[in-house]
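Note that subunit A is present in both complexes that follow, paired respectively with subunit B and with subunit C.
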Partner chain A sequence: MAMAALRREGRRFAPLVSSPNPINAIRSTLAPAEEQVGLGVRSISTQVVRNRMKSVRNIQKITKAMKMVAASKLRAIQVRAENSRGLWQPFTALLGDTPSVNVKKNVIVTISSDKGLCGGINSTSVKISRALHKINSGPDTECKYVILGEKGKAQLIRDSKKDIELILTELQKNFLNYTQVSVLADVILKNVEFDALRIVFNKFQSVVSFLPTTATVLSPEIVERESEAGGKIGDLDSYEIEGGETKSEVLQNLAEFQFSCVMFNAVLENACSEQGARMSAMDSSSRNAGDMLDRLTLTYNRTRQASITTELIEIISGASALEG
Partner chain B sequence: MASTAAVPFWRSAGMTYITYSNICANLVRNCLKEPYKSEAISREKVHFSVTKWADGKPQKPTIRSDSPED
Partner chain C sequence: MFRQVAHRLLTRSTTNHSACAAATILRPYSTDVSTDASSGDSAFVEAWKKVAPNIDPPKTPIQFMEPRPPTPSTLPSKLTVNFVLPYAAELSKAEVDMVIVPATTGQMGILPGHVPTIAELKPGLLSVHEGNDVKKYFISSGFAFVHSNSYADILAVEAIPLDRIDPAQVQKGLSEFTQKLNSASTDLDKAEAQIGVDVHSALNSALTG
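After this line comes the complex of A and B, so read on.
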């Protein structure tokens, strides 16, 4: 529009026009563009507002697309996560899940995501891990971290550097499968000495609710100790054991397999929670972008109408000055 | 308790039960015929990167992967 072009030209020449009046020049450089109404400056520029609106609109489109992608990934992985729950349930029925067990060497396995923009799930996992660490580190016990995922690594590096044992990343390059998780579990078993492993992850309840959970896996020696002490694990002797001469050998196999199954379930549930959290984060982000866009549109219209009114007033007063 | 007498061969070779069961599963997957075989092989791919830490300092990360690096 010619008027818009003239307005832009007016803004460029404004400092020269009003330079004999230094106060005005300072005011026009200090004030933001849309409020510039100094002498002889006929330019309330809507350019800035228009740029902001364009960028906010782009952000809204991007976040909407990310939400769709997360929703489709969630659908795919949710089925697998719910099916994998059946893997560890027999183990819990047999060996029990005892978070209150008192052991010397604790290892906390924190599962987090590699990518960001997924809401607060990684922070909650890290918070729970730190709380567990605090509970479990006493005078004669030690507590170490094994971290899966970049986001957990970034948060835990800041203050727990000396307690970190292993960091595993780049897990989701291929589709998540049992073989990968079991190899991970193997790496952890071979490199870390533990009496009890506490796995911290976000359990997927529904698309909007993720519960941070801890699953405890004991090493075979501790299982034996607990079974001597009686309780749930003490019933192990009443089972008929096949394929293994001694109870300790069977317990060792069982403990390793239990760790692998629990890890598999934990990784899948955390991935589900990540996609769900990303969906809701992107959804609220696009809604915020929409609100921002509405507000900016109002400002834009007000600015535009004000500039048109100013033009009209100038023209009319100029015309009436000519006549009168 | 005779704990060392009845150790199975794979445990004395340094494998854990997990490694043992993975190898068995791999053997079973290789027994399938096409097209199920390629589907099953795709379920076996492993890729992750391990960084060991000692005294608060990371050591060199190693990548454990079945797929070729691109």
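After this line comes the complex of A and C, so read on.
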């Protein structure tokens, strides 16, 4: 009881001593401050630190869960991406790979993700697309964008709005399959005039490594032009064309089929890379949260011990004041 | 404090180890991504460096592909076939004697030493002959490339082994689409019904023939 009285006495005097503002100090002597923070903090509060710890712990749990989800999605889609890798190889074997081809109408198809929290892969794709745009836009050439995915759209719409032809989002709402991608390819081919399509995506090499890649699909006229000019597709003429009425019809079908095959592989690889990047981003996030939690726990313990010590000191000094 | 440092070191080493372990364990999955050191198209890399010197140039598909062997001087004895679908690589560098593909101009047989050809395929029967073994698939359309080094690439959208096809369903589908074709009004409906009829009659003849 005496201790309580002493404590109350201390509470009334402390504002006068510790408050920087004299007017407020007078006010608090009339009404002893009940609140623990702000003026005249009587005992050090651990509430602030405890709140922070709770929120950091929640964040750690959420990011751990997101990592597990991304890992399971990755396992499912990785198998399909691996299996689709054989699909674009025959085209490259036949027509070669010509990223440095010089054409009038370039279209850059940027593949990005719809959801965020997946590390830097979307920024990488956008950077590569922008650089390709710079390489390929000159006085007599033009370069347009076709964007797949919300994140690419958000970044590119800021400074290249007039160059964007087509935006397609929510690809992964339904299970990714070839039919869907071929419909997409059809839409792009119908609505966009092109001489060369440059598809930019992140190729999945391993869970921690994603390689930005660009695949080039040429329109049939350009294929003919390049094969006549010699160079990489030089020996296309030596191939006999079976089927269709004319060679150009078959080449047209070939170009369209090539585009849908390359797109299918690109979309799957990008989805794989997205999940892998999300896994590692969430993993490092949980790790950071864990570190932060460790530091906060130490602060919490120090604060707690300090407040106990302060209480003890006051009690003891009060008691010794009574005796002595 | 030492406990904290030790803990951090431990977690860092375990993450490195687990990342390395993950990379090495998962590499068997990614066996066909051989990042070839040959830096692809040099003209492209040059143009890239001028525009964006601080960013690494992107990779191009040719860097991920094993190069095809050149045309041999003597006729090879076997045909190397890659039969790929969007969902799987059915045959990958399989050495066979002969392949018969359903080109739009009719069934085409491919033997080692065939002239380089680009063939458009229609729905039909694909058979792979290896010694006395014959594997038959029904494919929806696609393309077939034959290269001068006796490599054949067959790309199809769908392929089913013949024994998985139900003849009753085929007949039912055929009659259904014939009926649709007769009652079709717009060009689009006619085209769709025609495609249905074509595929089902090809299925029919593949099953019987």
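One rule holds in what follows: the second predicted complex is superposed on the first by the 282 of 324 C-alpha atoms of A that agree within 3 Å, B and C clash if a C-alpha of one lies under 4 Å from a C-alpha of the other, contacts with A are read in each partner's own complex, and residues count from 1 in each chain.
In this section, a residue touches a chain if its C-beta (ideal position, glycine included) is under 8 Å from a C-beta of that chain, and two chains touch if they have at least 3 such contacts.
The shown structure was predicted, so the numbers you read here are calculated from the model rather than taken from an experiment.
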Touch check for A:308: first (subunit B), second (subunit C), both, or neither?
-> neither
Kindly classify A:93 by the partners it touches after superposition: subunit B alone (first), subunit C alone (second), both, or neither?
-> second
So, does A:68 touch the first partner subunit B, the second partner subunit C, both, or neither?
-> neither
Using the touch criterion from the header, give the chain among subunit B and subunit C with more contacted residues in subunit A.
-> C
Tell me which partner A:256 touches in the superposition: subunit B (first), subunit C (second), both or neither.
-> first
Given the touch rule stated above, what does A:134 touch, subunit B (first), subunit C (second), both, or neither?
-> second
State whether A:183 touches subunit B only (first), subunit C only (second), both chains, or neither.
-> first
Touching partner for A:204 - first (subunit B), second (subunit C), both, neither | second
Can A:167 be said to touch subunit B (first), subunit C (second), both, or neither?
-> first
Do subunit B and subunit C land on any of the same subunit A residues, and which?
-> 178, 244, 253, 257
Along subunit A, where are the residues that touch subunit C in the complex?
-> 78, 80, 82-90, 92-94, 96-100, 127-128, 131, 134-135, 178, 200, 203-209, 211-216, 235, 238-244, 250, 253-254, 257, 261-262, 264, 283, 287, 291, 294
For subunit B, which residues are in contact with subunit A within the complex?
-> 1-3, 5-8, 11, 16-19, 21-22, 25, 42-53, 55-56, 58, 61, 63-64, 67
For subunit C, which residues count as touching subunit A in their complex?
-> 4, 7-8, 11, 15, 19, 22-23, 26-27, 29-30, 32-33, 35, 40-41, 43-44, 47-48, 50-52, 55-56, 58-62, 64-65, 68, 82, 84-89, 92, 103-105, 108, 115-122, 142-143, 145, 147-148, 151, 153, 155, 157
Show which residues of subunit A lie in contact with subunit B when the two form their complex.
-> 161-162, 164-171, 173-175, 177-180, 182-187, 189-191, 244-246, 248-249, 252-253, 256-257, 259-260
